[in-house]
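The structures considered in this document are given below.
You will see chain A twice below: alongside chain B first, and alongside chain C after that.
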Partner chain A sequence: MRKYLARRLLLFVPTLLGASILIFVLMRLVPGDIAEILVYQTGTESSAVQEKQIQQIREELGLDRPIVVQYVAWLGNALRGDFGYSYTQRRPVTDILKERFPRSMELAFLTLVVAVLWAIPLGVVSAVRQNTWADYTVRLVSISGLSLPIFFTGVLILYGLVRFFQYLPPLEFVAFVDNPAENLKQLIWPTLAQAYYISAPIMRLTRSQMLEVIRHDYVRTARAKGLGERAVVYRHALRNSLLPVITFIGWWGGRLLGGIVIMEIIFAIPGMGTALVQAVSYRDYPTVQAIIFVMALVYLTINLLVDLAYAWLDPRIRYA
Partner chain B sequence: MARRLELTIGMVQEAGLAPERVGRARGLLRALSWFAARQPLGAIGGVIVLALIATAILAPQLAPHGAKDAQFTQYLPPSAEFPMGTDHIGRDILSRVIWGARLSLYVGLVSVAFGVTLGALWGIITAYFGGWADGASQRAVDALMALPPIVLALSLMAALGQSVNNVIMALAILLTPTAARTMRSVALSIKESPYVEAARAAGCSHWRVVFRHVLPNSVATYIVLFTVNIAYAIVVEAALSFLGLGAPPDEPSWGGMLTAGTQAIETAPWMIFFPGLAISLTVFGLNLLGDSIRDLTDPRLRGGLG
Partner chain C sequence: MRKSLPLALIFALVGFGLSAAGAAAQEKPRYGGILNWYDYADPGRLDIHSESPLGVQQAVAGVYSGLLHYDPDDPTKIVGDLAERWSASPDGKTYTFHLRKGVKWHDGQPFSAADAKATFDRVLNPNFKSPRCGSMLKPMVASVEMVDPHTVQFQLKFPAAPFVSAVASAWCRVVAKHVLEKYGDLTKPEAQIGTGPFKFKRYERDSVIEWEKNKDYFIPGLPYLDGVKQFILKGAPTQLAAAKAGRIHVWDTWPPMKKTQADELKSARGGEVEVYQASINTIFLIYMHTQKPPFNNPDMRRAVNLAIDRQELVAKTLEGAGVPCALLDPKLVGDFALPLAEVNKLPGCRQPKDQDIAEAKRLVEKHYPNGIDVEAAVRSVGGYIDRAQLVLSQLRKIGIRGTLKTYESAAGFAVYGKGDFTFITTQDRAMVTADPGDVFALIYTTDAGSNWGKWSDAKVDELADRGLREANRTKRAQIYHELQRHIMTSAPSAVPVGWVEGWFFQDKRVRNYKASPTIYDHSTFMKVWLTQ
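For the complex of A and B:
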């Protein structure tokens, strides 16, 4: 276990570094650097003056230095929590992250909790009552959840809310610590829309795992020694069918984060996703770079935690 | 006598060629009906996908108007003249949905063809030769896969700029690492097989082994990757356009049409329903077909409980 943990942690850092190099290089491939964008967007001066301004900004930002030097400088600052300055929002990128990060993470957490809480019981019911109307309903719901793209589900829910409940997107985000009820009211719809999408594969996987496990000998033994149905299903069968479901949740962490971006846009939640889309369309590269870096960090952390949970739950890995 | 000979030749020809032809046609039919009986859901998916392909190919004949023609009244509800209504700048939505099938399929097919093929070659070659290049390429795959897919696609679009071809490039880059990793694991097991050893012992060069033995034997995985990823590529394209960072707004992308509809959600709900339905139906059909192709190639899943 300790060896496994060490190896897994050792992989984490180079992967994150690799991802950050990738993002850095990508942002330098852009036709026209930030200096040009800034000057051409705002400037009205003659081209000679603009040329000079561009040179000046490049020197100020260190864009005239070799890319390796720039990367090392960026990384050094990033590790100290300084991600540069956003010229479109006119404040340090770190401030944007501090403001937006908790909101997006809250949305992601709620989504995952809701999805798991409703997908696993439904998956179990569907497997235990295989080929009954309950099973068919669950399967239909999960199949349709898989086929409806998340942005369409989101837009449909928004339409229903607007049409029948005179819903208005919130003008200002209320933090959980300020007013929990209002905060949850703002997040409930995006949470449900995305939970529906995320829960479909979890439901299907729980069902197929349960169907497999329920045919194992030890389940028959449990029944034979006179255990009640409830104990057989929950204590013996479910426990052993949850392992792949957990890896799967980690695997879908990426889609969860991508879905957060889309949900924030649809339901006007000012989180990291809206900031990212905005920054991409205004070509605010320091912000894009920082948000993607943080998202990669979150994604890798989710995967790490899932792997560790898996190792902890499966004795075959724990003692290997 | 001569006439008789001709007759005989004719009969031989009939006997020799015709049954073969009939047999071939029957074989195809039988294969299709075998597939339909084995995988009824897959057959439904296949029908949907065929309809999609037909729509995409026949778009110029089927669409009543051009995708970018904006000469009609804005926000017209569905009617006999405009069965799906018109949008915010007076374009016929039916025509845009039809042209959208062509765009979606084009983006899906081309990006998957590039991404999965590149990834497959990359995975197979690095797996076969191993060494430091394999290690380095594995770390590159790790780095690419460390970013959530939509986020990677977004950052690629930020770097490349908005256009249909750049969406294809971004999607291809997005698909490459996963394809590389999958094909690598397949190639690793083939590399250890006795027939590769036999080929080496018979004096084949490494490249000959790669192209004559490893590649042909990993084709099944390649086909599955290909079919499964088309639906994925289509959804990601729609998502990018939905976020306003994919195809330019005048292109008939289903995702872009949804965004425009979201702006007018109260007054013109038809603007979201029809493009949304088109994407959902496409993804549904492709998923059903992809699932059953995967089931057919995976013997463990045959006659399964799922």
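For the complex of A and C:
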């Protein structure tokens, strides 16, 4: 098990390196750098002054050096935990990560927990009561969750709260450690909006897996030996259905990170998503690179945890 | 000394404000309360002299004072702020500002002329990037001297008409010399130490900015509010939801509401809000690159100028909120603008369009008998794509077939600034001050920062320069009339489609809030109060 873990952790290195090279190159392929954007969007100085200013900013940020030199310098610093300096926020990128990462992870964690707590039981009910009104309702809910784009659900919730309850979630962010109630008042709505979307395929997969498993001989045997229906479903059928579901949650959980960007903007949450959008629009390379790097790391970690969960769920993997 | 802006400005900017002012004049101001509004972006950096986004201006507007400012009681006038009075020499090249005594910075240090000198030396430093204040003052000001601890004097390079407007701009606020020495710049929240009605209290990035009342403000009895809170709301649905839920008192920032949003707000809040239409001092333009085919040919530029139906564009894409055709908006600059009756008879603006379209078609056929395909750039923001589609459909009538090339917002600016385009279907430019010379200095002169199409016309440069130096108002207006006629009847790179307006609202509990001639100048809230 330790060897397996070490091997998986070693695989992090080339993956993260690949992600960092990809984002480094992609950011420089799109038109405009931070110097051009800051100077040209204002467009008030003469063109000669603008060109001088662009050159000054590029020199200050080292953007006048060859791209390979820039990358090696960035990587060297990143390995020492220094992700550079954000020109748009005028502070070290590490400070931005320390401030934003916990907020986004809180939202992601809440979303995943709500989605799983909601999707798996409903998926089970849908399978166990196949072709009843309960099954049809769950299927309808899951299909609509899949069909509605995540930003639309978010806006719909926001407008619905204002229109029907004259209520708007807090616009000012309060950290969980400072005031848990106020924090949850703001986060619960984007959590629900995202969980609705995220839970739909989990619900459907749980249902189809359960439908397959409950027809197996060992389930019939469990019933035949007199076990109660609850024990049959939850101890035997569900546990054996969960393996592919958990794989899927790991993969699907990664998509959460994309949704978080949108939710943070709609519900005014100052997380990594809002910082990323601003950094991309200003070509704030160090900030974009650091946030993408951290997001890639989170994605890899989720997948590693999923793989480790296999061993817990399936003794055959553990003993092998 | 008071400098009056055109009377017509009143109608454009404060039509609503005046009615509210009438009511407010009869009421006794109430002390207390927090005014809530929003900032459309996170300012990130707070140095008002070295930054240019509106978000930065809004974040610190109430913290600082200027030598001059737009009168909060009547924003059509420029009055003294830190300067008690000021005077100009007979040759118009020396301006002397006599400063208030007993003014203190928010940290308790005394304010003096040394601070004013340090401020303007900073923005005038050729090595200091100051895209708003510096770009306005550097061409005009030769030097700034401290005459005594309460007097500061500006020596101008020439008698410059827009000098007073520039000094009154919210981008030219006075900052503390000792703060500059301590922090080096004004980027950080702790460096926000001003003399304004509010102290900078808190900045939670991407979430909220708070000011609190400056109890030692140099105007006794002001401000009325205990504080101001700006939520940072980036999403358009969130901004509208906040307005509908009554969580913000004022919407007088960029972006303005669309008509449909304004109607939605009115239906949600009924009589609790006053919704009004106002100018945002921004011109809607179409650009052609004058050094690239086919628009290096003046006939082709003339053809576009003739074919564009400004009235249709304003009616359909701005929901009627705008002044089509004008190169200067009479609502904003009064009689410096050509009368609209004259403008609307000029080729390209006159209705019906049949004659202009026939002439435009003839010009295109003369050079391209089978018509021509061009790449048409557009930034994918706001309603730009809709505008672009309509512009292209108008040009198809004369044989110019445009293929749309969209750019993400920031990338678009980089492409335009570098001149990597043939045709820009739509782009707005906001003016920095209410001076009528702004639009020419920003877009039409050879050296203008937003002359992206690289147009160079000796007569434009000469008239714009004369307008800048002419102190006599009537003569200056005549120069600008000639300049407008010349641009609108020649073949410029930038076709003026019209001046953009939008919808805004004020909660009826807000009193004494008046919009200023530019979107940058009305956010100090120094005399604003809340009824409850």
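As a convention for this text, the second predicted complex is superposed on the first by the 267 of 320 C-alpha atoms of A that agree within 3 Å, B and C clash if a C-alpha of one lies under 4 Å from a C-alpha of the other, contacts with A are read in each partner's own complex, and residues count from 1 in each chain.
The rule is short, and it goes like this: contacts are C-beta pairs under 8 Å (C-beta built on N, C-alpha and C of every residue); 3 or more make two chains touch, one makes a residue touch a chain.
Computed from a predicted model, the values in this text were never measured in an experiment.
Contacts of A:M295 after superposition: chain B is touched, whereas chain C is not reached.
Looking at the shared chain after the overlay, A:E36 reaches chain C, while chain B stays out of its contact range. Within the superposed three-chain model, A:L257 lies in touch with chain B and out of touch with chain C [touch as defined at top]. Once the two complexes are laid over each other on the shared chain, residue contacts for A:A222 go to neither chain B nor chain C. By the document's definition of touching, both partners, chain B and chain C, reach A:V162.
After overlaying the two complexes on the shared chain, residue contacts for A:L107 are found with neither chain B nor chain C.
By the touch criterion stated above, A:L97 is placed in contact with neither chain B nor chain C.
Looking at the shared chain after the overlay, A:P270 reaches chain C, while chain B stays out of its contact range. Using the contact criterion defined above for the overlaid structures, shared-chain residue A:T88 touches chain C, although it does not reach chain B.
Put simply, chain A uses residues 30-31, 155, 158-159, 162-163, 265-266, 277, 281, 283 to touch chain B in one complex and chain C in the other.
Touching chain A in their complex are the following residues of chain C: 41-42, 44-45, 52, 129, 131-132, 135-136, 187-188, 204-208, 229, 231-235, 237-238, 241-242, 244-245, 247, 268, 407-411, 413-418, 420, 429, 432, 442, 447-452.
By the touch criterion given at the top, residues 11, 14-16, 18-19, 21-23, 26-27, 29-31, 130, 146-152, 155-156, 158-159, 162-163, 204, 208, 211-212, 253-259, 261-262, 265-266, 276-277, 280-281, 283, 285, 288, 292, 295-296, 299-300 of chain A touch chain B in their complex.
Listing the residues of chain A that touch chain C in their complex gives 30-33, 36-50, 53, 56, 88-90, 99, 155, 158-159, 161-163, 166-168, 171-173, 265-268, 270, 274-275, 277-278, 281-283.
Here chain B touches chain A in the complex through residues 139-140, 142-144, 146-151, 154-161, 235, 238-239, 242-245, 255, 258, 261-262, 265-266, 269, 272, 276, 279-280, 283-284, 287, 305-306, going by the rule given at the top.
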